[in-house]
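What follows is chain A paired twice: with chain B in the first complex and chain C in the second.
Take a look at the complex of A and B:
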């Protein structure tokens, strides 16, 4: 046994696997414990053996970024070790996610709760952006919630660091409903603003309790966006007609946000509108968002421990994060990092014939 | 002795509301009052009513008459906390302001400064009045202070002021203190008043909602009950009809219809349990409201980690001499502009990476360190990476 193997074994001994709590396309998740402290963890076993082309891209991305990031509002990767031919990621154990919370109709959200979740999301995102990482797959079910109510950004399977000037990035990222117009039009040079758009959509979803911009196809997504926010003009968004996949999708008038969000405060709508600005250069940054008057106005954000949570028996982490969640339907000319086919998004409405991750069921 | 037991004989009178009407005072024999003034004031209980304290044995210190001799007698309390009967007040203050008739007290009173007595002990009366007055001004909350310590200091100060006023210690100086406090915190006082009102309104709304829900539920129950009764009637009728017409075994028919009823009852129970879902919302909101008193919400703090982005170690410039990104910046086809890619983010990243390790002490105890691969310019760390244009 050489030194590396010995070190690996030593790491492996620090954790125990208790029971399987879910399975995705390329990983199995177990509930486990840290032997020394008894602390609950989630162990994600990545199946290596069955893929010819080696380790899955999103697993590599996840390890690469989570190893570096340590923040209250980002999921913590505690350890990585290998067993037999598998790679194991030891992650913080989190009770539930924001999607389950939004969907649970028996929960009532106060304006202060939404403020608190938004503040935590922006804090986590600001930390990623400060460390030059784009998350590129923000959506409610990637925002996990710990037992103390803290919200944590998870699933770094599509994350990447900022591109060097002139390097192309793929535009086939971010779950469609949360994808900004520049990516839908095939933009290859983008920045932190793409994540902010997703947060804006999540913000709206928290208030509406239903997805804000649910497009059925990429084209329909653009239409849905413009129907809600109006078709951008050259003045709104200079240069957007030059984007690679630009196609005009028709003219829609701009309707005031107030019409849909009748109960929201003025500050709240102001921040929402700044997250949903078409021009990525004018879209608010995570840091500026955290300093927005909305967060300082009364009511104060709810203390995390008081935030509503689904009832215990229903709580199961849908570790959706075990499978990549991007829609790869568009060919995307010259995608540099073309993730393998199995990353295809499983969306309840477009299940047609693709390999689909099983819906994880943690209710034992 | 009489003093100690006077609470036994003391009668309290509940008035119907803030308007003091004499007709409700049925418990004491009395003549219709001849006085034209209505003595309002006194301490109200939470429902907005004043409970007046009346001791049948007590005498007016000036005219020496008591309730036995003069049935309409009420002893009123002045702002200097001395008693006087209503008759004497009318007479003494007929012309306006006058010095308090109690010996040694030089306070000038008017008729309106006499209020009905609420508590037997006048020091309590005084303390309550003072504390009510202070509570209006000193309404800061825990959230208004950065830490528990300063909040406790504030509470201590309020208590000291209250103590001084109650026991007449340095009254002038204490009043000045209150005025100063009021001046300094006028805005916050107003804000807290509003908050308090909002909270009250919120609780009222909650109560209203619950009341409506209770009504709805009661209606639902009544409806179900009548339905059930009708059904039972119908069932009984059906059995009789069947027994009349069919030639089957009577016992089996009865058993069958019984089973049917049971099945229907269980279906009803299932449907009513889903109706109870709505009521939980109001309760939930209410528990949230009470919870917020336990774990207070704290004001927003934008960043909660120890944010440090090496801002002090470099200064970003407008632009740099950077041939690599030249094409991106010029952007001839205009494809970069709309996408929101920012070259300055790449520059900032390069700069921050360059300066991040600068003040890390070199490892000690290592074999001779290899020569520095990158020479740091004397001009400053920023220029180590990029030469400014």
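Take a look at the complex of A and C:
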């Protein structure tokens, strides 16, 4: 055994697998622990098919990108080791995901909660984009939630770098409901805007509590989009009729977002509409989204620890959390001026005692 | 994020590479590295693969030999695995079957060359007849034979071993963009001969270990140095205003990289040229080590 094998064995010994918790197309996920600390982790065991094409592309992408990315709102790859013929990725363990949160009918979302999830999503995504990485599969199911409430972007199996502008890429990416029109029309040159569209769909889904644009086929997806947002005109999106797979799918009138999102604030709908602009060039960037007035207006984003979470065994805790949220996001001007003492105390750790206690630092 | 985007070999790894520790002499290791990279390059050309993938494969290949001995893995298998992995990394995957067929052809051709070395160029009339009789003809793998499956197994193992032994750090920074920037900065973009020559040196340097030893700016500076010197272009080079200092390169490092590259072009004896052809597999390397036992233990 040489130095490499020894180092690998040493790494392998740091972790133990406890229980299988899921199985995907190319991997089995186990819950595990770090032996020295007892810290919970997720171990993704990649199946290496001897009769297939060696290591799966998704696994390679995940290793390649997560090795580089370290951010509060991106899942952390703690370690990689191999055992016999398998590749094992050790990831942070995250309790739940946004899809489960959205589906849990017992939870009430306040505008401040939605703002908080959106802020964390945009922060994580801005970090990826700043490092020239496209995620290409954003959906609630891939936004995981840690026990402290932090949202983390996960599953980089479809991610890729886009340093080269003239590089042809496949348009068969992103789960259909979150896929923008340019990809459905076969656009091979695209950029960060595709991820923003997905975030826009997630944003809407958080408010509606049901998928916003659930198309049944790729063709139906276009129809669904246009039915909701109107068919784009040449002026909305110059040149879209020249896209490789362009097909007209009928004329639908534009309806104001306000008709569907009756309870949303003006800022909120403004940001949502900017995420769902047809022309990818005009769609808002993650960085600009973070500086959007929506995030600086009242109610301020909920503190991650205060966000609603699906009830597990201890049902008392989520209730308490909802109570906490009600307190701090109430629309009355009194709350803004003078947040309840209880909250002030709880949040002081993260915010380092700055006077603008609830403003998030987006550039981190 | 750490500031180092790509890993470089440590001093200890450079001083005594795993292959040297196993008794493989330095010059042979360098020859085998170069030959392995040539095979990757040839396979890349035959597969019409993108140069980014080929260059990435060659850099991974060079790094690999700072953590592994050639006694343990053959340069053929690892080269094939590196090209396969790099193609996935650069989002232009190739079919396993195509890669295996191409490598089989290259290995057969090497074996053929070893058996029928090209005659020295001196005697003209006789060589003509000789080359005709020993023309290389590729024999496709037999449908029922095990060659394909053996190569496939080796490929899967090599791919995983490269990942594992490089600690899953598969980040590679290619030098081409940097070269364009530097040439612009030096006002050399008008001279097409400089850019194409320097570009060529960067590509040839892929056959040397420099990409695993020096930072990209140093390697690019060396390519510019060689190109401008060969074309007789003067750049500010006296102390206080040395052009390579603009790029944070040390003269000694630049000179050393230039040396690595120029060594590739030196005259080689037919024996030296033939030697690597027979050492593509680890089996052959082991047999060679057994034959050369008396020399080896000195290291």
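Methods note: the second predicted complex is superposed on the first by the 308 of 364 C-alpha atoms of A that agree within 3 Å, B and C clash if a C-alpha of one lies under 4 Å from a C-alpha of the other, contacts with A are read in each partner's own complex, and residues count from 1 in each chain.
Please note the rule applied: a contact is a pair of C-beta atoms (placed from the backbone, for glycine too) under 8 Å apart; a residue touches a chain by one contact, two chains touch by 3 or more.
The structure presented is a predicted model; accordingly, all values stated were derived computationally and were not measured.
In the superposition on chain A, A:244 contacts chain B only, with no contact to chain C. In the superposition on chain A, contact of A:265 is made with neither chain B nor chain C.
Touch criterion not met for A:217: it reaches neither chain B nor chain C. Comparing chain B with chain C, the partner in contact with more residues of chain A is B. By the touch criterion stated above, A:12 is placed in contact with neither chain B nor chain C.
Once the two complexes are laid over each other on the shared chain, residue contacts for A:64 go to chain C alone; chain B is not touched.
By the document's definition of touching, neither partner reaches A:83: not chain B, not chain C. Within the superposed three-chain model, A:279 lies in touch with chain B and out of touch with chain C [touch as defined at top]. Within the complex, the chain A residues that touch chain B are 71-72, 106-108, 110, 112, 115, 119, 123, 126-127, 130, 132, 162-166, 182, 187-194, 237-240, 242-244, 279-281, 283, 287, 290-291, 295-296, 298-303, 305-306.
The part of chain B that touches chain A in the complex is made up of residues 143, 195, 277, 280-281, 284-285, 288, 291-292, 295-300, 302-305, 307, 309, 322, 324-325, 327-329, 333-343, 345-346, 349.
Taken together, the chain A residues at the contact with chain C in this complex read 2-4, 7-8, 48, 50, 53-55, 57, 60, 63-64, 67-70, 80, 82, 85, 87, 131, 160, 169. For chain C in complex with chain A, the touching residues are 1, 18, 67-69, 72, 84-85, 88-89, 91, 93, 95-96, 153, 155-156, 159-160, 163-165, 167-171.
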